[in-house]
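Following are the structures in question.
Same chain, two partners: subunit A is paired with subunit B first, then with subunit C.
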Partner chain A sequence: MKLQVTDMEDLARGAAFLGTGGGGDPYIGRLLAQAAIGEFGMPEVVEPEDVPDDATVFTAAMLGAPTVLIEKAANGEDIDLALKRLSQRTGKTPDYIMPIEIGGLNSMIPILAAARAGLPLINADGMGRAFPEIQMVTFNVYGIEPCPAAIVDEHLNSAIIEANGAKQAEDLVRAVAIQMGLSTLVSVYPMTGKDVKAYGVHRTLTLALEIGRAIRTGRESGDPVASLLSYLRTTEYYNKCAVLFDGKITDIRRETTRGFAIGHCDVEALDGSGETMNILFQNEFLIAKKGDKTMTLVPDLICVVDRETAEPITTEGLKYGQRIKVIGVSAAAIMRTPESLDVFGPQAFGIDEPFTTIEDLNNL
Partner chain B sequence: MRIGVDVGGTNTDAVLMDGAKVLAACKMPTTKNVSDGIVNAITKILKDGEVSPADVRAVMIGTTHFTNAFVQRRELLHVGILRLALPASRALPPMIDWPKDIADAVYGSHYLVKGGYQYDGRINSELDEDAIIAAAREMKVAGIRAVSISGVFSPVNNEMEERAAEIIQDIIPDVAITLSCRLGRIGLLERENAGIMNAALADLAKNVVASFRSALADLNITAPFYISQNDGTLMQASQVEKYPVLTFSSGPTNSMRGAAYLSGAKDALVADIGGTTTDIGMLSNGFPRESSIAVDIGGVRTNFRMPDVFALGLGGGSIVEADPDVRVGPQSVGYRLLEDALVFGGDTVTSSDIAVAAGYADFGDKSKVQHLAPDFVAKAVDVIHAIVTDGVDRMKTSAAEMPLILVGGGSVLINRDIAGTSEVIIPENAGVANAIGASIAQIGGEVDRVYSYENMGREAAIEAAKQEAKDNAIAGGAIPETVEIIDLEELPLAYVPGGSVRLRVKAAGDLKI
Partner chain C sequence: MKLQVTDMEDLARGAAFLGTGGGGDPYIGRLLAQAAIGEFGMPEVVEPEDVPDDATVFTAAMLGAPTVLIEKAANGEDIDLALKRLSQRTGKTPDYIMPIEIGGLNSMIPILAAARAGLPLINADGMGRAFPEIQMVTFNVYGIEPCPAAIVDEHLNSAIIEANGAKQAEDLVRAVAIQMGLSTLVSVYPMTGKDVKAYGVHRTLTLALEIGRAIRTGRESGDPVASLLSYLRTTEYYNKCAVLFDGKITDIRRETTRGFAIGHCDVEALDGSGETMNILFQNEFLIAKKGDKTMTLVPDLICVVDRETAEPITTEGLKYGQRIKVIGVSAAAIMRTPESLDVFGPQAFGIDEPFTTIEDLNNL
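The block that comes next holds the complex of A and B.
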């Protein structure tokens, strides 16, 4: 795959779709990536199978609160330093940069990091969507340690976290991020090319780009949602997909439960049938129910888009009266294994319902 | 007695109000120097209403002048841009996402210096006053007369922006300074963009306000005048000189507020049907519902408070085609309606001709539309109503039926019930709803800040925010007993500890006159 500057809007739109409501608005990320590309050039994109087994791979991501990120943006040198600190700690020099989370803002930060470091970018990530916590990636599921993890703020203060497990790493990194002001750059899960091949979710940069492109070309031809679905059906992971609901948002309730910002979004059908859908979200959309019937469950993707333009809508951007389509999409097979479901299945989010695939729930 | 004026691109409307009563109303062409049009319109209503200028207690003006100037890149200043942020945000310089032509028209120079706060108001970086002094000296030499200042988390704490303004004012005494904290919301780039736009309009703002002032002086009106802003509340003239961007979307706001007033409805849909487009919005508690998404103005992304309006390509001048299917708009004859429409002797079939041919509107020369096939006319009438029905449905937030108020000159196009609405109301004086909306605008006060529920408790935090919004409204000139909270929004911050919640509260009350 080859990326062009002119692809960035499509990539951002596709990444926002894969963000399933979370992951932060890629708008700021896109501007950051574009500015870095302008200054340092577009990084080369490498397919996972072309990465040597013994290559050293570092990830790059922003970690914090979306509301803070839109105020502080990034410094640029912060991501450079995160890579440097991790390099010092591990005694290894990175050969490649890889996204850890393709959904939302963190699709763009690796482009910024790779451009600045002059390193190639791997066409893969650790989830093929967005998730709120560090342990919620395939690499953790299959035994790759998130630590040592480097975290840097805009003042170029840095910390290296060494934790006994991925959840502990999440707790410690989060505590440091809060102290640093909630707009930090991190590099976690240092790994090898072999790890990427075995446990990565492959070609997700391409998928995000082509999702964004399918939406755009669909707008030109008149039906972006149809264009998006017909593209998704051709893909390896996202081929089981459906419009779960077509309606109008009638209520949004936000509450803080057990330390999480939980929200409910109620949607009412536009066809006058009186049918309703409820979507539960915690940063990302987690479960969509039509009446009492579950239609899609995490880690399968629930994406909310504008019903006319198919523009993805984040959980923070939900508002009364929006006319939306709710789209359910299958996650990559590696995201649905029993081991994966232990880490980011419904129970990990406090949902008392076993995971069932979107295809079984909807006879796809 | 008060006067409401709406200065649009084409027409200047004026109304004379005695309490709730419309004593006189008129429409005059907008003139190039603005003030002549205002003088003409006010002169006429004072005469028609038989009122002496001394009896006028207040004048409220709504205008799209600043919006038009910015979008058309007219009379803009080159702006010195100062951002108090380092080491944050270094990777994103100001105006990074602006269209090149407008950036060229507005950019003077930019400076990123140390400064800014954390989300909770703690200092993130000490203000680098030496760097500001150096920047100010450079701007002075370059002849910069307008400066925009934006600091990280300035809506949470504005001290640094205020301090930077003092330093610059000392060095460039006659400079026009815009502080981003006055323009509101979280989102540094969008707030900075709004600040730069505002600074670019500094000269024009002074000139326009001066011409409003001279128009009123020519009329011997000594009452204070106010200008209406996006959220339907008023600004003092002196505030408009400093913050003209806050008027950017006052046009649709005024027409919706005017519709609410004329019809007596507080929760309703409003369709303002003009010559080329129809703006559909929703009134909630008498105020327009706001858009929550980023709004582009002339290609520049901002986070202004704007009414949520859906624009349709339907107006009194919409061109009607018969082949292959009956279509109405979005092409329009626009201001040439009085020449091009069939009923006015032209040869273009417009939606107005259809309304006359169908027999429910009566203007122009009826005989000129007699040749239109009844079948075609009936279909076109269906299409016109279908367009409005669809637009109304898009803006509704619930299936419950609510009234639809029609305003604007094109309201004659509608003569049937619209599905999804409980009734269709065309109030008297619907054609000058904008000016009426301006005349009844209230004084508002706002708060938009992050509160810690863990420290204060939810009830106390909300109470504090409400009180501050009310105090702001009263400080602006509202009668204390009339001040009400008109909007309250809670947004918990994901990942931020201590139950941090962003509260946005708006209060408004009647102007003391």
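The block that comes next holds the complex of A and C.
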């Protein structure tokens, strides 16, 4: 894969879709990435299978509440410092930069990081979507430790966390992030090329870019949602997908609490049938129910888009009266294993319902 | 100065007195230090003037709320890990261990740390008393940075904090400490022998030991409070001192909040005069007022002791009906400079009254 500056808008839009409501608004991230590319050049994008087994791979991401992340932005120096602190602690220099999640802002931050560091970027991530907590990645599921974990704020205060276990790491990093004002840069899960090949969700930068392209070309041809769905059906991971609901938002509740944006929204059908959909979220959308019937469950993706333009809408962008389509999408196979479901299935979010695939729930 | 295992009880009692209500109960610390001395031998105690200028000095302390610290104890491995993490980050091996505060538990933890590490202990600290927050030490007042700062919990989770400024370090370390359960081991203010000589409060281990001795010998001769005061009057720092009040506790309010034990207590005179004293605390006693008249103000020391035995009473040990004497004691000169008062004078604790020395307040 080769990235161009002109791809950034499609990539950002595709990543916003895969953000499933979270991951922050990639608009600012796109501007920052474009500026960094202008100054430092576009990073080379490398396929996971071309990364040597013993290569050192560092990730880069923003961590906080999306409601706050959109108000503050990575200044670049904070990204550099996160990588530097992790280098100092591990005694290793990164050979590659990789996204830890592909959704939202965090598809763009690694481009910024790679451009600034003059390093290649790996076409993979740890979930093929976005998730709110550090332990919720395939790497943790398969035994890679998130620590040492570096966290840096915009004033360049920093911490290196070394916790026994991923949930403890999440708790400590979250406590620091809250104190830092919930807009931080992190570099977690320092790993090897071998780890990326074995446990990464591959080619997700390409997928985000192509999703963005499908929406754009769909707008030109008049039906962006149809264009998006027909592209998704050709992909390796996201091929089970459906429009779950077509309606307007009649209620939206959200609060920033415990370091997250938590809430729900209600949607009423536009066809006069009186049907309603309720969607719960913790940074990302977790469960979508039509009346009493569950239509899609985490880790499968629930994506809200504008019903005319297919523009992805993040949880903080939800507004009363918005006319939306709710799209359900299958997650990558590695995200649906019993081990993965233990870490980021419905129960991990307090939802008392076993995971069932979108294809089984909707006879796809 | 040479420390013996048989000195530990006097030292712990003297340190509890200098803890001015805070610093945690040194009883557990004494047991731990005795056990470490039994296993690893008594550390050599070195006077600050005998420490080479370029020596690397690490501190060791527990940080949290005293109400929690007494329930959990340093297991030794956590102390070792705090020193190790700081070594890794600074690239320096400590030549000496030093208390950061002499009050309470934190007079004992450095003995434990030095014994386990096989390093000499410096006869000095950063305040000659106890204080609740990291920035409240002479070293910070005179420009030594608290960071990198290592913090470790009993499960050996750890963090290295690097903040721009001591107050930011306090805020971040406190956030981590709260997440860790408010009973943590820290190593902060890595410094040189030259720093200790210039800005330390010297010979405070000796002073704590002698205070404990004066209380013990006073008990044997029948008037421990008198014995204590007559010893204090011979010292370099604590020579202005007085019994401020003799009474029984009629009200005590305390809560563990924002990572501290905060509250106040009211005392009623035993002589039937109807006079009352009110004492405010944030881990340590901050201000003692007889009626409307301020008798002693932080950073001068306010110490509460049992009126018969002169046993120091920590804020968490205060009980309704206790018969106590409140003793005011002058702080070291370096603690009363305008620069020091900016950092830990009354205003730093939200007290709207300028610092006045105990000698001026009481015509001593």
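Going forward, the second predicted complex is superposed on the first by the 354 of 364 C-alpha atoms of A that agree within 3 Å, B and C clash if a C-alpha of one lies under 4 Å from a C-alpha of the other, contacts with A are read in each partner's own complex, and residues count from 1 in each chain.
The working rule: contacts are C-beta pairs under 8 Å (C-beta built on N, C-alpha and C of every residue); 3 or more make two chains touch, one makes a residue touch a chain.
Note that the coordinates shown come from a computational prediction; the quantities given were computed from them, not determined experimentally.
Engineer: Looking at the overlay, what does A:Glu77 touch: subunit B (first), subunit C (second), both, or neither?
Structural biologist: Once the two structures are laid over each other on A, A:Glu77 reaches subunit B alone.
Engineer: Quick check on the superposed pair: does A:Ile178 touch subunit B, subunit C, both, or neither? Answer first, second, both or neither.
Structural biologist: both
Engineer: Output check: A:Gln88 vs subunit B and subunit C. Expected answer is one of first, second, both, neither. What do you get?
Structural biologist: In the superposition, A:Gln88 touches subunit C alone.
Engineer: Kindly classify A:Lys293 by the partners it touches after superposition: subunit B alone (first), subunit C alone (second), both, or neither?
Structural biologist: Neither subunit B nor subunit C is touched by A:Lys293.
Engineer: Looking at subunit A, does subunit B or subunit C touch a larger number of its residues?
Structural biologist: B
Engineer: I'd like to know which partner A:Ile28 touches here: subunit B for first, subunit C for second, both or neither.
Structural biologist: A:Ile28: touches subunit B, not subunit C.
Engineer: Of the partners subunit B and subunit C, which touch A:Glu162 in the superposed model: first, second, both, neither?
Structural biologist: second
Engineer: Taking the superposition on A as described, I'd like to know which of subunit B and subunit C A:Glu154 touches: first, second, both or neither.
Structural biologist: A:Glu154 contacts subunit B only, not subunit C.
Engineer: A:Tyr320 contacts which: subunit B (first), subunit C (second), both, neither?
Structural biologist: Once the two structures are laid over each other on A, A:Tyr320 reaches subunit B alone.
Engineer: Just to be sure I follow: which residues of subunit A are touched by subunit B in one complex and then by subunit C in the other one?
Structural biologist: Common to the two interfaces on subunit A: residues 155-156, 174, 178.
Engineer: Would you tell me which residues of subunit A are touching subunit B in their complex?
Structural biologist: It comes out as residues 27-28, 31-32, 34-36, 64-68, 70-77, 112, 132, 154-156, 174, 177-178, 181-183, 248-250, 254, 256, 261, 268, 270, 272, 283, 316-317, 319-321, 323.
Engineer: Please name which positions on subunit C make contact with subunit A in the complex.
Structural biologist: It is residues 85, 88-89, 155-164, 168, 171-172, 174-176, 178-180 of subunit C that touch subunit A.
Engineer: Write out the stretch or stretches of subunit B touching subunit A in their complex.
Structural biologist: Subunit B residues touching subunit A: 85, 87-93, 96-97, 116, 118-119, 124-125, 152-153, 186-189, 282, 289, 292-294, 308, 393-399, 490-497, 499, 502.
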